[in-house]
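One structure, as structure tokens, below. Some questions next.
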């Protein structure tokens, strides 16, 4: 019984189906509750539960890499992001605005009907789909040896389809750039004065502080482990980065600022390091007479692991910056000196 | 001499890598060095596009297996004339806009805005170049997301979060539909590569559903009627140089992907003729609705944004022409000419709007009186670019519409010709409105009042683009395969 | 099979929320649920491998999708915060007066 | 023989764990105020999880695996204790009064 996936193999088909059915119903129920909740806080909490249950579903689908990402990134970090921005919205902005009965009934039908039709059509098409040509799983197995990594998902992400991954790393960096672009500029800024967002700083909780102090190093260790293990088992740079960012978020809510202010230049350097390293590695291969982003078989393993290390640190910096939100307005426009 | 083996891989890789690296650098450091770097990279990107064009001219379509893996395992970039020209033209437009933005953004809102604009613009440029070359439906999804997020970031720079959020939400939902289509295609046909898909796709429910999802997705992202609602507020409220990039270049990203799917995969589903007529009708509505809305507007930037909705409608009208055997060649050439000339002309017009805002502080049409007297070159640019929108000879827009008319008559679909001509008339009305306001003199104001100063480079940047739009009228259609 | 159905249900629910909810944060939560539905469909619609495993390619696509959706959500929330701070509202309704 | 004994013990421990989980859940649903609900949740869940981990522990193939299981338990216990403390603190600060029997109420 080394993994959960293994242990479920022993279950009888009937028990598996029953378990899957219950899981599916639970997931659908939490999603329904979250989508129809009038309170944002409730919706977010249900969304986190939804994400954790979904991680279980990914395990059942035989996709442990996705399960880890779902738990760490999907449910964990997205939940933190939602909660963080809830803290910045004023009380009356965190509930659905009231509507008359007629309005809400109209909305329900006008949106509900087409959506049910769309979902039904999708289910029909997907269920009746007949594969004509097999996928590339066989090719992945055949060529995996040339990538040096034994986790097929990592082989796809960092070698066979590394262009996708490069662009995805840039997307995350771009989210930070765009968020930082939201800072009001100079004295000519129109509209009501923007209050610098107050960092949520609850009174110090001794028990929480004790717990977080002990958890933080452990969680960092988990992050490093996830990066290291990614080449051979489920895990990888993104999952690692999400765990590290979650530690930061935890330190933040317990009133301890661990990281330098995200706006500082060293942090910005770290944020761009992942994209820059990825692109530079691709160009270096070109300069060595190979193809853009190519990984020669002899050094592929080393390059993938080291690149994933840089990516993990850099993505963690980006995620931390996203959790912390836009930096405070520049000095000349803020009220405080 | 064959350029391809040596130069093309470098040019293609640098078209993606340089903007990304420069964008990262501009995120870390600002100031004059960053401004120079950004401009230099835009010019180099355009140069890379020219090298690619020359390579394609000499040696035909090029395929680069990225990371050394051929499809279906890996991803290839396909560099054909369309992609190469798009890279060249996009770099050129970005260069002009960056020249303009360095000055106008700081005039508008003080220091700092151009610092935030630069990295966004550069990453956007890299994403667009990757989009043009991508030959893999999922890689196209990632590049589309990159482009959309950068574009939303640009809209948000101006400080209208509601418009940006609307754009973001439509973009995400479009991306979801598109990704579903990718998943269905892979499950059924075992590949994501466009060329392989073209050979493997069989008519049937799966293929039709997948392509319908993908087309709806790119229509949402590309503001193609009836999913265009987010565009006018977003493009109308963004700072002018951002609008120039969004309306000029980004808006065509969605149609570009649609065209790729249309040319490669869609014929194999057997559903193309019917779908083409539907899209053509939607395009007609876009032309009518966008033009009429543009005529009603009182602000120059919003007028231009609605005109973009109408012009994207023309592109959709070209689809039934491309789908017909007789009109395929000239229909395609016409659509490409229209994309290229509208990109330059619309960017030029938004830049002139930016120049006017920079000196006058607003873009209300009624208060633009006297602009032509104060800034003749800017008003000239507005008129010159407007000629392309109307399709007057000898502009690039004229050639485009001529080719589309030719295609519709050749394929016996005269009703599309009526749409094209009617749309041109309407375009004439709103271009005339925009230009005539600036030409009229303010009554009773002393004419010797000192016109507010307008830096030369603002005027030249816009004029250069308008001239390119005009020059495209002299490029023969055969050069765009 | 079960998870294809679940994916379609989540996609529909998420779409419903994205259109029917007016609060921006609620819209973003719904969009995330719709994305999860899409991801489920993408992985579970791919035929299982002969050895009973799961095709690694859709998994890789979904991992990419998850990261992109976090990025988009984060920026969307930053915009929502700005909407609340600048204009004092949490919805995109045009008719709502700003307070 | 020894396998049979081990499997039997696992089943017994798992049933015990399930009982405590059920008790905790019933407590969460039935108890009258936030403090007693927290009490039911944390105490019962920790014992329930403890028994479950114990059940798997005697099935572990290696020491590493056993250590991981214990780590899971320890983390869950400290996390739930911390969160219970936070919740109770928050409720206390917001002035939530503890429930009393009707005859004891002032």
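Lettered A, B, C and D in written order, each chain numbered from 1.
As a convention for this text, a contact is a pair of C-beta atoms (placed from the backbone, for glycine too) under 8 Å apart; a residue touches a chain by one contact, two chains touch by 3 or more.
Source: prediction; values computed, not measured.
J.: Report which interface contains more C-beta contacts, comparing A-C against B-C.
T.: A-C
J.: Could you find the chain whose CA centre sits the greatest distance from that of chain B?
T.: D
J.: Any idea how many Å lie between the Cα centroids of chain A and chain C?
T.: 12
J.: Report the inter-centroid distance (CA atoms only) between chain B and chain D in whole Å.
T.: Chain B and chain D have C-alpha centres separated by 59 Å.
J.: Approximately how many whole Å separate the CA-defined centres of chain C and chain D?
T.: 34
J.: How many Å are there between the centre of chain B and the centre of chain C, using C-alpha atoms for each centre?
T.: 27
J.: I need the residues of chain B touching at least two other chains; which ones are they?
T.: Residue numbers touching two or more other chains: 138, 142, 145, 149, 152-153, 156, 159, 161, 180, 184, 186-187.
J.: Give the residues of chain D touching no fewer than two other chains, as numbers and ranges.
T.: Within chain D, no residue touches at least two other chains.
J.: At least two other chains touched by the same residue of chain A: list those residues.
T.: Residues 122, 126, 129, 131, 134-136, 140, 161, 164, 168, 171, 174-175, 178, 182, 191 of chain A touch two or more partner chains.
J.: Can you list every touching chain pair?
T.: A-B, A-C, A-D, B-C
J.: Residues of chain A touching chain B in their complex?
T.: Chain A residues touching chain B: 121-122, 125-126, 128-136, 139-140, 143, 159-164, 167-168, 170-171, 173-175, 177-178, 180-191, 265, 268-269, 271-272, 275-276, 279-280, 282-283, 286, 290-295, 330.
J.: In their shared complex, at which residues does chain C touch chain B?
T.: So the residues of chain C touching chain B come out as 11, 15, 18, 24, 27, 31, 34-35, 38, 41-43, 45-47, 57-58, 61, 64-65, 68-69, 71-72, 75-76, 79-80, 82-83, 86-87, 92.
J.: Report the residues of chain A in contact with chain D in the complex, numbered from low to high.
T.: Residue list for chain A touching chain D: 1-2, 205, 207-208, 210-211, 214-215, 218.
J.: Write out the stretch or stretches of chain D touching chain A in their complex.
T.: 56, 59, 61, 65, 75, 78-79, 81-82, 85-86, 89
J.: Which residues of chain B touch chain A in their complex?
T.: Contacts found on chain B: 9-10, 12-14, 16-17, 20-21, 23-25, 27-28, 64-69, 72-75, 108-113, 116-117, 119-120, 123, 126-127, 130, 138-139, 142-143, 145-146, 149-150, 152-153, 156-157, 159, 161, 180, 184, 186-191, 200, 202, 205-206, 209.
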